[in-house]
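Structures are listed in the sections that come next.
Below are two complexes that have subunit A in common, paired first with subunit B and then with subunit C.
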Partner chain A sequence: MQEKIIFLADLFKNQALGGAELHDDVVIKYFEKKEAFYEKINCHLVTTEYIEKNLDKIWFISNFANLSFTSIALLSKKAKYVIYEHDYKFIDVRNPIHFKDFLVPKRNIINYNFYRNAKKVICLSKMHRKIFQDNLNLENIVNINCSMWSDEDLSLFEKLQHSNNQKDLFAVIDSPNPLKKTKETIVYCENNSIPYELIKSKKYTEFISILSRYRGLIFRTNHPEPTPRVAIEAKMLGIKFLSQKHLISVAHEDYFDLKGLAMIECVRKMRENALKKISKWCNE
Partner chain B sequence: MKKKILVKGPVLSQSGYGEQSRFALRALKSREDLFDIFILPTAWGKTGWVWEESEFRQWIDEKITLTQVLIQRKQLHIDLSLQVTIPNEFEKIAPINIGYTAGIETHICSPQWLPKCNDMDKVLVVSNHSKTSLVNTVAQATNQQTGESFPYKIETPVEVVWENTPRHEPEEIKELKLTTDFNFLAVSQISPRKNFTNMVRWFVEEFIDQDVGLIVKTNLASNSIMDWEHLEKRIAALISPYSERKCKVYLLHGDLTSGQMTWLYNHDKIKSFVNIAHGEGFGLPMFEAAREGLPITTIGWSGQLDFLHNDGKDLFNKVDYTLQPIQQEAVWPGVLEKDAMWAHADQGSYKMALRKAFKGYDEMKARAEDLKGLVSDKFSDEKLYELFCDSIYKPNPDLVKWKEKLSFLEEL
Partner chain C sequence: MKYNIFTVANEGYSSFLKMFIGSIFDKIDYQKVNKIIIADTGLSDNTKKYLELFPKIQIQKTNLSTKYSRIHDEDWKKNVYSKALLMLKSFEQEFVPTIMIDSDCVIVEDFIDMVHEIDADIIPCKRNQAGRSPGHQATSSHIGSFFVAKTSKSIPFIKEWTEEIPKITERGPDGKRIPQESPALSNTCMKFKDKIKIFDLDERIIANIEHNPPDFAKIFHLKSDWMYLTIEKRIAQPRVSNYRKRYLK
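Right after this comes the complex of A and B.
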């Protein structure tokens, strides 16, 4: 009989609209559909009593920055859990860019036992997995090949194919997050005489609709992106995507030269495969 | 590629660590092409705050404000931290963390400092003495799993980068009226480490029948009026048994500008600088006096030797000492441990050295002038800033090349 899953994360889609939360939501819906879902809980609300009471469940652990040290230790020792990794929480600064070839000195490695004792550590792409493997050298690190989108979102991308309102400009994401390097991207566009506009929206569908009107997206980042979603989104919209190849993990996946409907279809298939794999890893 | 560096330390306090923090900032500021500087100010005990207005102070204030704004917006992402403090307070707050400490004035440091230093990627110190006391400390640690005991010491690289202060042109202290023609100068807080009581008492005993002065620039903790009131009573009590004395003790208290300190070191009636502290991390006031060519009377141990000793020669008036355990009242768990030792100046030798400084002034002055040239050269801003910045970050050509490769944009 399939064991029930507790989904653990710092935030969920109804609390924040980041890439990790959107991605997690697809997985949660899948578990619900499979009737494998027990409940979801924010990391900061997890107590030792809660853990002890639910040791018969499978713990599916997404972002866990707010999980207490005691909870990490207890889960590590007693629980059956899978870590669904969205960045690099094995590094004290969560960013391997500071170290040549992304090889992190041992003194900067944290949560090693938490990763080691997991049933599986699921990375989001081959490159993401390689960075984990090169640094942690564990047997339980696996990967899917892409982030995930709901059918509803994929329909939106289908509708937006060949948008008639194409502007002969590049879009630059207007973000206060320094990892997204908005300022540096503006400087890059200006130095290279690339016409651009800043775009932003708090509503996901609106943001994608805005993006679809541009010739392309210029995206600079300051860490090796495990996917990033926006790269695939640009490809699904059929617009150009300019970025740093060595920091864009999905750029190293076999399917990355697809675009438009072909990419949408590929993403749909990869999602189904990934969800099956996740289900299998949870129940191994 | 610039490094974003967060300097955490008592940058605005009137204390040794305050001076050290400001030295670090001046050095980093000399290479703003390499460093984006952010400042997180901390307090230092009960010491007062710097009050002089200057361009440098304005620059510090702007950096502090910017840092606070970025922290509140959660937008401060630093490459490395520089933590100016005692090692107990070192913490991992950046991808690369560097501690900059005065170390300890005893022959070994507290075992508690070792793991904290090992948390750092590098430890910078103000003198060879500071380095020696850190790297010579070996604690016995126990492996929690096997119960096996093993020696534990600092593995992190420790580098000597020294420090200095900016020199300002002399500025008169109008209130200071010296009635004695030959005066010693001491600049020291009153604390067990500074050996202040013996320094004053033995001076009075040596010159009880002579018209010689000792100017003490001091305080108990800060430059406040309350501090002055306590201090005056304490000094009066210290010298009251010597009611027949001819010598004078002048008490200087309160905020002085750097220019006023330069004026003191160059005053034509101030002939020697005296210090018999049990140990110094570096000894900034002694350094400043040496830089001005004032003869120095002190012990031949601890941080000051880096600038008072050159090419096998002691360029100061030496006081003998013995290394002995620190006094009970100086024990400060986690900082000054009871089994640590420091120098205890020999009373007779100190008195003889004072006499020698008084009688042999011309010879002392000639030697101090030689030292002045050496100090000005070896500890110049140019040399120290370069050494300091290289110790913090010297771009590794391989890493620079790799990061350039990562930053290249292309259509994917």
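Right after this comes the complex of A and C.
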């Protein structure tokens, strides 16, 4: 890599432990290792002056809900940037579920030229990309095939392969975040006589360890998930993953039938391929 | 084919202008846009600096320096009645198909493909009674808030339009001031109806003034009416609340 990268996101791993932040951290570490990393900055701290000072860098833009409209405009006008998309920020309501076949009426589309002027818009799976492509019809939309995990995290999944404490219950994520649909999932389990327990932890490794003790994970969602990470995490642990297939993007990937060590190895290989692709896309 | 988008504004309209330019950036495919020309009739340096953050913006100098402007006051008239003339000026070096839109408009949906598919030399905006207060008496068949000069055959039309404006009476039978720009446009359309191809585009689609606009409206025109008389009220009207939050934050 020749040009240095500024990594832009609403939040980073040290500020929140969401899927996007965990995923982004793997990419940041990769840029650091390749000595391509300049710095990371929260979107709300970006000013037009900061942009003007750093036009010689490549901007790697992850979640940008807190990026000011003028910064979006100026980046579009002057900067070389890649958008690393974790959801659907081309839609004013940020969720295509409201529209038949996920085809969004033109009047609901926003940020059109921000996406158009990007070197690449990187989606996280084939289905995620298709939704972007069907709506924006741009030539710069590409995809990787999965979220990413660090080697440390993958080692954890390896260690937890044969947990002796298998509970004959399904886990349901206990979260106050309405997007996580805890209440709806409970109702779903009760209506379908699925034995379940609520699980939670603020520590990622602890959460995964807890999850490994269950027969499977019940996951309900109300938007087409670009991956989601927990689907692959359940698969890497070798436990069942039950959800609405039409809303789970990775369920449409070729590798989704894998589980346990085979899935871990596949995720590792996909990560290496994805990072090489990202590096190439940044420098094109 | 790429189009220029053309508008005129002074500092009094800066909030409108920010919403207008923001919505173009958000909604219209810039691949179909050559330049966005803003004829400056009295913008502040700060506003110009803001506008220049956006791609494809060109600020056109004029010899006008106006302030806002109550409807029909002298500065308002200078602005409104200079629009067509300033657009003509933008053709001096080379004719580029141009879409003239009032700066108190918000783009809610890309309309360039629709304009592109229309086979015409000019596309004026056809007045529609929808959204007007009961008893409103129309003084024109067309509205000057949206106009497309699609081919160079539009040039004599626009010249005629600008010459027609001062011929329109300034006062109605009740002594109240009446607009001149739109009646002049209507008269010019009549004069040119057999000379060039004219396609009337419905105001409800392209410069909608209704408080509850239909889904097919592509541009909202935040013109003053009996409910929204001041700029602040026009910008605060509910139908543009999302746009206001996004573009004027």
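To be clear about the criterion, the second predicted complex is superposed on the first by the 283 of 284 C-alpha atoms of A that agree within 3 Å, B and C clash if a C-alpha of one lies under 4 Å from a C-alpha of the other, contacts with A are read in each partner's own complex, and residues count from 1 in each chain.
The definition used in the following text is that contacts are C-beta pairs under 8 Å (C-beta built on N, C-alpha and C of every residue); 3 or more make two chains touch, one makes a residue touch a chain.
What you are looking at is a predicted structure, and each value in this text was computed from that prediction instead of being measured.
Student: Should the superposition on subunit A be reported as showing a clash between subunit B and subunit C, or a fit?
Tutor: By the criteria stated at the top, subunit C and subunit B clash after superposition.
Student: For the overlaid complexes, name the partner, subunit B or subunit C, with more touching residues on subunit A.
Tutor: B
Student: With both complexes superposed on chain A, which partner does A:Ser150 reach: first (subunit B), second (subunit C), both or neither?
Tutor: A:Ser150 sits against neither subunit B nor subunit C.
Student: State whether A:Ser76 touches subunit B only (first), subunit C only (second), both chains, or neither.
Tutor: second
Student: Check whether A:Asp92 is in contact with subunit B, with subunit C, with both or with neither, and answer first, second, both or neither.
Tutor: both
Student: Answer with first, second, both or neither: which of subunit B and subunit C does A:Ser279 touch in the superposed model?
Tutor: In the superposition, A:Ser279 touches no partner, neither subunit B nor subunit C.
Student: Contacts for A:Lys106 in the overlay, against subunit B (first) and subunit C (second): which applies, first, second, both or neither?
Tutor: After superposition on chain A, A:Lys106 lies in contact with subunit C alone.
Student: Output check: A:His246 vs subunit B and subunit C. Expected answer is one of first, second, both, neither. What do you get?
Tutor: A:His246 contacts subunit B only, not subunit C.
Student: Which positions of subunit A sit in both the subunit B and the subunit C interface?
Tutor: 92, 107.
Student: Would you mind writing out the residues of subunit B in touch with subunit A in their complex?
Tutor: Against subunit A, subunit B makes touches at 73, 75, 77, 79, 92, 94-96, 119, 121, 396, 398-399, 402-403, 405-412.
Student: What part of subunit C is in contact with subunit A in the complex they form?
Tutor: Listed in rising order, the residues are 22, 25-31, 50, 53-55, 108-110, 215, 218, 242, 246-247, 249.
Student: How about subunit A: which of its residues touch subunit B in the complex?
Tutor: Going by the criterion above, the answer is residues 92-93, 95, 97-101, 107-108, 176, 178-179, 188, 216, 218, 220, 222, 231, 240-248, 251, 256.
Student: Which stretch or stretches of subunit A touch subunit C in the complex?
Tutor: Touching subunit C from subunit A are residues 48, 68-70, 73-74, 76-77, 92, 105-107, 109-113, 116-117.
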